[in-house]
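Structure first, then comments.
Letters A, B, C and D mark the chains as written, and numbering starts fresh at 1 in each.
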Amino acid sequence: MNESVNVAVIGAGRIGRLHAAHLAHRIEGARLTAISDVRLEAARECAEQLNIPEVFQDHRKILDDPQVQAVVICSSTDTHASLIAEAAAAGKHIFCEKPIALDLKRIDDALAAVEAAGVKLQVGFNRRFDANFSRMREVIREGQLGDLHILRITSRDPAPPPIEYIKVSGGIFLDMMIHDFDMARYLVGDEVEKVFAVGAVRIDPEIGKAGDIDTAVVTLQFANGCLATIDNSRRAVYGYDQRVEAFGSEGMINAENETPTRLRLSTSEAAREDLPLYFFVERYTESYLTEMRAFLDCIRQDTEPPVTGVDARVPVVMGKAARLSFEQNRPVAVAEIK
Amino acid sequence: MNESVNVAVIGAGRIGRLHAAHLAHRIEGARLTAISDVRLEAARECAEQLNIPEVFQDHRKILDDPQVQAVVICSSTDTHASLIAEAAAAGKHIFCEKPIALDLKRIDDALAAVEAAGVKLQVGFNRRFDANFSRMREVIREGQLGDLHILRITSRDPAPPPIEYIKVSGGIFLDMMIHDFDMARYLVGDEVEKVFAVGAVRIDPEIGKAGDIDTAVVTLQFANGCLATIDNSRRAVYGYDQRVEAFGSEGMINAENETPTRLRLSTSEAAREDLPLYFFVERYTESYLTEMRAFLDCIRQDTEPPVTGVDARVPVVMGKAARLSFEQNRPVAVAEIK
Amino acid sequence: MNESVNVAVIGAGRIGRLHAAHLAHRIEGARLTAISDVRLEAARECAEQLNIPEVFQDHRKILDDPQVQAVVICSSTDTHASLIAEAAAAGKHIFCEKPIALDLKRIDDALAAVEAAGVKLQVGFNRRFDANFSRMREVIREGQLGDLHILRITSRDPAPPPIEYIKVSGGIFLDMMIHDFDMARYLVGDEVEKVFAVGAVRIDPEIGKAGDIDTAVVTLQFANGCLATIDNSRRAVYGYDQRVEAFGSEGMINAENETPTRLRLSTSEAAREDLPLYFFVERYTESYLTEMRAFLDCIRQDTEPPVTGVDARVPVVMGKAARLSFEQNRPVAVAEIK
Amino acid sequence: MNESVNVAVIGAGRIGRLHAAHLAHRIEGARLTAISDVRLEAARECAEQLNIPEVFQDHRKILDDPQVQAVVICSSTDTHASLIAEAAAAGKHIFCEKPIALDLKRIDDALAAVEAAGVKLQVGFNRRFDANFSRMREVIREGQLGDLHILRITSRDPAPPPIEYIKVSGGIFLDMMIHDFDMARYLVGDEVEKVFAVGAVRIDPEIGKAGDIDTAVVTLQFANGCLATIDNSRRAVYGYDQRVEAFGSEGMINAENETPTRLRLSTSEAAREDLPLYFFVERYTESYLTEMRAFLDCIRQDTEPPVTGVDARVPVVMGKAARLSFEQNRPVAVAEIK
């Protein structure tokens, strides 16, 4: 039953190496056959560490290999859409890191190519696969909260990314809050109609000079009547803050932060506990494993991927709506974004 | 030093009886001399229980008594403004339950009367005196959080008030969220410039028929750049939910709910803990005591009351701005409200 | 129904003043008519603060007053037994602080006097009336834990008492752990058969010179098979540590410490929470009120007091067994103590 | 630097397969070359899953292979001592699951063989490598608690082992509490002088018929004056309960249980949280990885293993002392056990 799937990784940066390591050692039923990177040296180093049989600079070598059944796209964001189209044309199943693109036309073209080729596409909204949030969704689906009235998401990074990244990332609503938009849709199980965003530069004026903000609060109105707030900060000095709360007619569920230990130290000063796990690699390791296992399962069992093309597209639209709302200081209908 | 202050209570409803009981037994330096209520029977019953020397139907008997130094106004909201003016004219110091009025002109007239008479006026924003929130404010004032970036207030009642109350209360923004507007100002230590409100009827259609909503989410923008969200629900099935979180450049502080015990019961099903204290009487008893002690202190020491006339007025303005924002689906500047 | 009971307090030390203040202001159905103290000045000061009508140096004035229905004995421990006998002979109901005496013959004589007079006697094991522990007992009684297998009590003071007190107190097993012996019996609902005690002087050598220890760990074996451990320290730098855990065939229940607030402060260093309420006055105020209300209820309703003469005697026996076990380094049967 | 170490696993039962999987995939610098089991089929199945090059029924094939540098002994307890001696004679470094033997003579012979051969021996007290307990030890070592006064260990299994196992395991003090004896020594950093044990059959009479007990409470007195209690139960219905608390002159540290998520669900009934991770595989996975990495590190760097032969022997002595104490109902000096 658990026939192995031959997988290759495109892009040997941080997230590419992470997926490669998982595919090499921790995902049953995957055979990692190749890795490519435009910086050949990066691919080679990774291949040596993980005993990956083949290494390339040119991803087309991977797409031309008939034995490769699936590719994991971890290259820079601006290459995602065209790589998806190429891989789909080559008949490969595709796992792609988010976002597909910042431009909706490019996303739509990529999704059309996937559709035409009849291959699987799963996008890397890994937080859905975290034990806390997937269980929270089950609780909601099972009706334990009754009708959902209010959703609150707090999502704060321990430190801002480099300014160079911010300049090309699309800004806080597309590089950071996009995860929270996805989480909101995932948990509420419905679509957002209106977005209202406020924000400010509070942490680093350089972020402002790059045209972005570092602190943002967004209100979402869902079609089903649920109201949601998301707050983002690019720097929480106490670490990666990833909390969600869902409130409904029959109850509330909260996900608190995960910590390295469950120790509590009481001295004459205070009772002290651990800060949250530092950042996404520490916090979400298990979710990266689970999402990749889910991807392979949907290939082997020929089922719908748990994160679809629509799931990839809508948060980008929401991010654009949030940006427009922030710029124009007014609530923006998601339908306004074309 | 602690010379006694002669105090009389006007209004023997639930909150009047609560303040009377505190003044009778638990506030050092207070002498409760009289109570009045338009329903004489209510005043009489309370007086008997607490051994209050004098009982009246007409509050003017209290104001005419030269021995009474201070009055505690707990009558229905529509009488507050005129009672303040009368009490001020009679030279009495005044503690008044919130709000002074729903009409700004009436508030301003009452405050002018207080000003003219040179008496003290303290308004009953009792939550400021809760140990959690007063300590939180100290932490903020001491700079332990650095610059404040985000404030989050969750305030949910265990059950909606009677529909009859909702019809005259001014609606959720003025009867319920007004406490949170005060809390936000109190903690941030600054004024709000813009308000954006969304809301819905999710709990009881009768509330909608009465022209109100039962679920609301509001975004505040402070002059100092702090962003705040407040969410209100008129019914949290798990009890009175009163949580606040302040996030700044140097840290975060959270106030969780108070519970009847610290017990944890672990069975084969789950680990279970207490729900929050049921409602404001259980949750805020100590804060009612502390606010009244503070009122008496400011009389005896001739100092500024800790909740001033401005503190009474501004949250009403904010509530009106929130209502307007909700109705017009746009951010409203507080300055728009005249 | 709630006819008032006339009560007088004997002893105006710390605990006497605490009970007097409660009786004066916070216990419905009590009328505090008098207070006495061998140091007249102490009684007088207290009476003035609380408006107590009569003040005496000699407690016999209280016992001779036919209007006094009940006395609250808060004098020094060595006077408890004889005061109980006197008060019983005078037909007064008696609330007495623990212990009745350190000598079993004296306890038995006092209990016999109470028996002969047919008055009520309640002893001040106040912790039984704490919301955490009374609820814990209910959970056990209701069978939610099934059969009780293991009980763990941690009881640590924030600072040692004066050496002068330790010299006459009977030592740690009788002045401190006696509360835990009572708690163990109260929760388990059964009697202890064997006691094993170890201990040491770890905090202050002066305590050792006074013939006592400051750190102790005791194992109890109940007749019904339940095993219990108690640990005591005379100094926990983080404050008054009062935790209990009961473990049975169907579950476990834990009582954690109560704290001044529910705040949590997260900085780059750690997440910090409050230390426990500092000492017994802060921690157990409500339990002192509840025990006194229960005492008055059992007078008015002519029911058995919730803490009986047997409850007063057995923990003293257990304390003596623990001391003997510690001295002889062997398990001691409670039946050995005559 | 990280030259690979060739390792073989002896015994393909549950714990053998767990170590094999870790060595195959998750331990850098290990090359898993072979596995053996007296049930060849078990070894073969494991080898197939993990791509282990060689499979044997006879462990001597492993010991005869000059390329094997280290063995991981996971066979049944009664074979540990002789396998250690054989492996040492063959010049292999040894990781052995605990205990080496229930008989002290056999342990001493095995340790002598290791000594004579000059190979490394590390014993599988995996809990030392748990993030909670290793951090707790650091806190103690750094002096943050001052002098250690009291240590409390709670260790309860979710379900009893099969009766067949209990008959040969040496009983609760040697098959279960042995981990806690090790933990106590590890944390206190000193040796125990006296042991006092009480216990009972409360869960299953069959356990009693097998000559064992299922509930035990033990008091330890350390040479340095620290007092410790350990409580064990073979069945906690709420799951694997692994808590430790250390109390000293300057503070206290507690390790609470780890849980699958940090969710909290509040309904009208209660606030519910997760039960502890179910059993040792779920709870201690990371510690098994860390201990194996430590074993390989001490081979590569030629350092002392973090769990030595003495660490393997002393808890067996303590277990025997506890059993004797339980049988004779008296404190037993560890020195009595020869």
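Rule of thumb we're sticking to: contacts are C-beta pairs under 8 Å (C-beta built on N, C-alpha and C of every residue); 3 or more make two chains touch, one makes a residue touch a chain.
As the structure is a computational prediction, the values presented were derived from the model and not from experiment.
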Seminar exercise, completed: Set A-B beside A-D; more C-beta pairs touch across A-B
Problem set entry | Farthest chain relative to chain C (centres taken as mean CA coordinates) | A
Problem set entry | Whole-Å gap between the CA centroids of chain A and chain C | 58
Exercise. Once you find the CA centre of chain A and the CA centre of chain B, what distance in Å lies between them?
Worked result: 43
Problem set entry | Whole-Å separation of chain centres (CA-atom averages), chain A against chain D | 39
Problem set entry | In chain C, residues with contacts to at least two other chains | 237-238, 250-252, 266-268
Seminar exercise, completed: Per the touch rule, the chain C residues reaching chain A in their complex are 237-238, 266-268, 270-275
Problem set entry | Partner chain D, residues of chain C touching it in the complex | 147, 149-150, 152, 154, 156, 194, 196, 198-200, 202-203, 215-217, 219, 221, 225, 227-229, 231, 233, 235-238, 241, 247, 249-252, 329-331
For this session: Note which residues of chain C are touching chain B in the complex, please.
Result: 25-26, 131-132, 135-136, 139, 144, 250-258, 260-268
